[in-house]
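One structure, pasted below without further comment.
Letters are used for the chains, namely A, B, C, D and E, taken in the order the chains are written, and counting of residues starts over at 1 for each.
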Amino acid sequence: MAQAIPTPTEQTALPAIEGRNLEIRYDDTTVVAQANLHVNAGEICCLIGKSGCGKTTILNTLAGLVTPTQGSVLSFGEDVTGKPGSIGYMLQKDLLLPHLRIIDNAALPLLLKGQAKQEARETAARLFPTFGLEGTEGLWPHQLSGGMRQRVALLRTYVTGARCLLLDEPFSALDAITRADMRSWFTKVTQKLGLSALVITHDVDEAVSLAQRVYVLAGNPRLGQPSTIHAEIHVERNESPNGPFELTEEFLQAKRSVWAALQDNAQ
Amino acid sequence: MAQAIPTPTEQTALPAIEGRNLEIRYDDTTVVAQANLHVNAGEICCLIGKSGCGKTTILNTLAGLVTPTQGSVLSFGEDVTGKPGSIGYMLQKDLLLPHLRIIDNAALPLLLKGQAKQEARETAARLFPTFGLEGTEGLWPHQLSGGMRQRVALLRTYVTGARCLLLDEPFSALDAITRADMRSWFTKVTQKLGLSALVITHDVDEAVSLAQRVYVLAGNPRLGQPSTIHAEIHVERNESPNGPFELTEEFLQAKRSVWAALQDNAQ
Amino acid sequence: DDNRQSASATNATELSLVLDYTPNTNHTGIYVAQSLGYYAEEGISLTIVSPPEDGADALIGAGSVQLGISYQDVMANYLASSTPLPYTAIGAVVQHNTSGIMSRQEDGITRPRAMEGHQYATWNQDVEQAMIRDIMAYDGGDYSKIELVPYAVDDEVAGLRSNAFDCVWVYEGWAVQNASLQNFAYSYFPFIDYDDSLDYYTPVIAANNEFLAKNADTARAFMRATRRGYEYAASNPSDAARILVEAVPELDAQLVAKSAEYLAGKYIDDASEWGYIDKDRWARFYQWLNDNGLVETTLDVDAGFTNDYLA
Amino acid sequence: MKHAPSDTTSRKAKRIGIPLAVVAGTIICWHLAIISGLVPNFLMPTPLQVAQALASDWQLLASHAGTTLVEAAIGLAAGVALGFVAAVAMDRFEVIYLALSPLITISQTIPTVAIAPLLVLWLGYGILPKIVLITLTTFFPVAISLIAGFTSVDPDTVNMLRSMGASRWDIFRYAKLPEAADHFFSGLKISATYAIIGAVIAEWLGGDAGLGVYMTRVRKSFSYDRMFAVIIVISALSLMLIKIIDILKKICMPWKHTERNE
Amino acid sequence: MKHAPSDTTSRKAKRIGIPLAVVAGTIICWHLAIISGLVPNFLMPTPLQVAQALASDWQLLASHAGTTLVEAAIGLAAGVALGFVAAVAMDRFEVIYLALSPLITISQTIPTVAIAPLLVLWLGYGILPKIVLITLTTFFPVAISLIAGFTSVDPDTVNMLRSMGASRWDIFRYAKLPEAADHFFSGLKISATYAIIGAVIAEWLGGDAGLGVYMTRVRKSFSYDRMFAVIIVISALSLMLIKIIDILKKICMPWKHTERNE
């Protein structure tokens, strides 16, 4: 089991986010049923599963945007079912506002919190180099490439300052190098600030290298089989590795387990 | 060098698509300069490069949607600079039409060619299981997951029947298993029909296993360095491999070359 | 001098008068009295307001103005209503009904029965059509042989010229003067040549009943000044026309001058004094309305007017 | 947001009940305003008096309403068609856009009374000049809204279609038109609201039938009760037309699941 | 599509030249129509006669135009404000939407002449009843367009904002309002077109100043040349207002690079 990084501000006993016995439907289709998952404070978990199985649906629910037909969502012990706003959420679509320049899109969460425009812009601007976005501050969203837009969306989510983040395929449009950079930045920053995160990814390597635990969601809602949590894989990490984690035996083992869980369901 | 698969209908001597000495600008930013690339008939090439370097811009230009400020685009010897319509293009955004049901979105290219609605629908519907989309025919786009939408967009591009395809990150939103399925379906179908394709991908493994040649684009247009083709890596394939290509030495070698070319530029 | 004037201005009784229509030569006397200070001399400060279309009577009745211009025929509708307007005619502006039928000269419509087989531009009002029917009958014509077409022009002369219709109801003091000004060859005959009952009072000065009851002296003062204005207009038509055009520069000066010339002899005409309303003539027309069933309830033929404020 | 829309019976009752309640409330206020003397009865009839006038003149009103409805329907149809054609042409050819823009604005700023004699001269006393006037009134909101709608299409969607070899007509049909649907219906709603009253005003030009003719007649004979009765008929017809447009919109835009995302 | 927009001088010349040419062409056709006898000169003056009337009545027209412009500006501002508030309230609360919808439609279907005496009675002979009428005319297109605009927001954008803890006001400000801008401006364009002519018609209520008063007076004294002169003034003022709105739109929507994607 992953080691929850204790932070002085939170009671570490309570999970940062928890979905209990979730059942979620659209009209007459039950997409998710009896799903239980949680992220402990300071922990990164990944959610993986086949396209269309309901990962985004679960994140929408955890974020409070969708109210489950059954079950509840708790954040640090508080019931937040159907109540958005307390958890940082990067949606699968980038959803940049077309009428705001990039800098203002990035600074939006600060503006929403009531910060002065200039101050908010400065705060956001300081992060642009980290996200490889220098030089784009004054552009409009339609002038950016897909990967650039995705990074703006990630930056925007980070800027919310939420202690718990839900990220829906945050690196999918990035090239391998930028992706690796962003990922290591993300790992560092979550550790430093004690953030918790639930990340959807399709990259098994990424899941294993990021997460303390990987949830595998399985099912086929469009064919009448609601998805549920099919497996939960704990990623063991050697406390003092002599090389990158990706080259250790533990990494390979976790990767194999995830693959097995995925394939298991594919039959 | 990759073996161009000869097809009876085309003169194999001429590339399916070729960009000659392209220079492309947006307003006052030169994004691409002096770029030369081509895809031979029956060949699959990949285009890879850092996020924001200009890959989509090149595909837009090859598709005839953007007119380069310099250089020209040829398809089977014919000048198609600034003339869209002859090449199948799957854009980076899925761009499903929100007011058409999934089946009609998929059948759109056939309708544009003047096919009867019913016939077009039937043709498209037959492909739905291949793309793992069965059961979604009657839904609206906003009812699909991100990966499902991407697969509809791919299906739609395939349905155009174009002999040359440009695909912009066609598998980026798919889970590993679906992705592998789609990729092997794609390899098979291009070989069978003698299609040519230029595919943008961020996954080096994917590039190497799909392509006969990999182009690496490098530059940083937002910081005043127009991108150009930095490297062209030929993927050698053993004609009679005794196992999957991904486990061969050739694969590893090509992969290393691509990584090197990418990283080379990152410094 | 200055002081006295401003003092008298502040002590002056404020009155408002609503016109029936856009300012025209029917109103000359009022503009003259205003401009030459006759009202001021009577201690009256008068505001002349323009009405919304067909809205003058309601405003007088509601008391939002004390005075206004109306017509005997129009008043009939309001007086015979189940909720009658509380107002009274207190003076005739023009003694006789100066309206009639105008046509192109070449058509030879010089008398009512000649309208047979021609297009008459109707306002689609019951009273109006009844009057046509009435004079046709007096002249031995057949009303049913007239072709009614909707009245859809402002300029009767232009309507006749463009053959939009063959004959039309006009006021001699305005449209007919316009025709002669334009050298348009027309024929015209007045209603009163065919039926005395149609010699009603149009237009009249009307006043709110409550105002009259409470401010009889003011009303008399107003009428005194107004009479002086009309007397001036009767004897100095060209000066009066100039005064009107000065006050309302949008009007066509030539037409106003010509109309003023014509109306000079019509304001007082055969009456003993300006404004006098003959009891019998008033009653005869209202009787005619009653007889022809043109009003909602039966009119009291002697009601609706008074000469009490003339002296 | 994303739940199944629960258009329960209570919700449906609300959708019908509230508008009815508001209309009923307005009528009560109106009644009170008169019996309290706030508005003199000789200027405005009570709702009861109007109801009586409606009842007694029912047949006459119905026949006039028929005429007006026909004019309004033809005029609205022609106006929408004209607005549509104008918008498409203006979207397609910039020259036409630049040429027509000022003329269209001017066409809306010429008062009816000024051109009424000319219209009658050219088109006679029949239904034709009325239809021309209604068309002139109703085409404008449709044209303006559609032009705005056409230009709001995502250029990438157009690119996608162009890459499939779509003709201009295809782009129009598959991207611009559906994208403009929202705009179109708001223009249509404005036009439809003006259609009936536009017909009434056109009938003031002169004519023998129609609510406008009826209205002028009762106004000139100062029957306020009947005048308000005809206003009520005009409003009722307009509300009916708007309702039809709403239904049409739902049918034409099935991809917009919910009307309002409350 | 994606090139730098080449708004060269030749293009600019086109944008100004074509409308001018069209207006000039219209004037020539008008002249020809009259001298050829197609339209009788006693029904319609020649452009030259109108120009003479304009020149001779210039001062009078300018002073009346001042009155009308003030009324139109106040009425339009009030109408836009009212339309905006109504649309926001109707978007925010379904009850208000259901309650106001029928009343708004009814408000557009009551003919001015019918309630003119009431308006004058309540609001006097001054500028007030006119402004009320202009407000009533202009608020409607704005309200309808805005409501359509507000509901056209992508629900996912709203979700994104909600996930950031955005209040309803934030969602309004950052998503609904900008999304509705396109709709708003097409509504505003319709309203602005109606503002001046609305003021003219309102002045028929009675009054002593304004282009409407001028128009009635010259019409009743059969001066067709001066009547057409005032129509020209009305059209010119309206075109000016529309131009201002266009400029305003460009300023308010900088993210829409090109007006038309030709």
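Brief remarks follow.
Basically, a contact is a pair of C-beta atoms (placed from the backbone, for glycine too) under 8 Å apart; a residue touches a chain by one contact, two chains touch by 3 or more.
Because the structure is predicted, anything quoted here is derived from the model rather than measured.
Between the contact lists of subunit C and subunit D, the overlap consists of E.
Touch-path distance (fewest steps) from subunit B to subunit D is 1. Relative to the C-alpha centre of subunit B, the farthest chain centre belongs to C. When the C-beta pairs in contact are tallied for A-E and for C-E, the bigger tally goes to C-E. Mean C-alpha positions place subunit A and subunit C at a centre distance of 85 Å.
In terms of their C-alpha centroids, the spacing between subunit A and subunit D amounts to 50 Å. Here the CA centre of subunit B is 50 Å from the CA centre of subunit E.
Averaging C-alpha coordinates per chain places the centre of subunit C 38 Å away from that of subunit E.
For subunit B, the set of residues touching two or more other chains reads 26, 60, 65, 93, 142.
Residue positions of subunit E with contacts to 2 or more other chains are 1-2, 40, 43, 113, 117, 121, 155, 159, 219.
Touching of two or more other chains is recorded for residues 54, 58, 62, 154-155, 158, 162 of subunit C.
Looking at the complex, you find that subunit D touches subunit B at residues 154, 156-157, 159-166, 170, 174-175, 178, 181, 253, 255, 257.
Of all residues in subunit D, only 1-2, 14-15, 18-19, 21-23, 26, 39, 43-44, 91, 94-95, 97-103, 105-106, 108-111, 113-114, 117-118, 121, 140-141, 144-145, 147-148, 151-153, 155, 158-159, 182-183, 185-187, 189-190, 193-194, 196-197, 200-201, 215, 219, 227-228, 231, 234-235, 238-239, 242, 259-262 touch subunit E in the complex they form. Those residues of subunit B lying in contact with subunit D across their complex are 60, 63-65, 84-89, 91, 93, 95, 97-100, 108-109, 112-113, 140, 142, 160. Taken in their complex, subunit D has these residues touching subunit C: 40-43, 113, 116-117, 120-121, 125, 205-208, 213, 216-217, 219-223. Residues 26, 48-52, 54-56, 92-93, 132, 134-136, 143-148, 150-151, 169, 172-179, 202-204, 222-223, 259, 262-263, 266 of subunit A are the ones touching subunit B in the complex.
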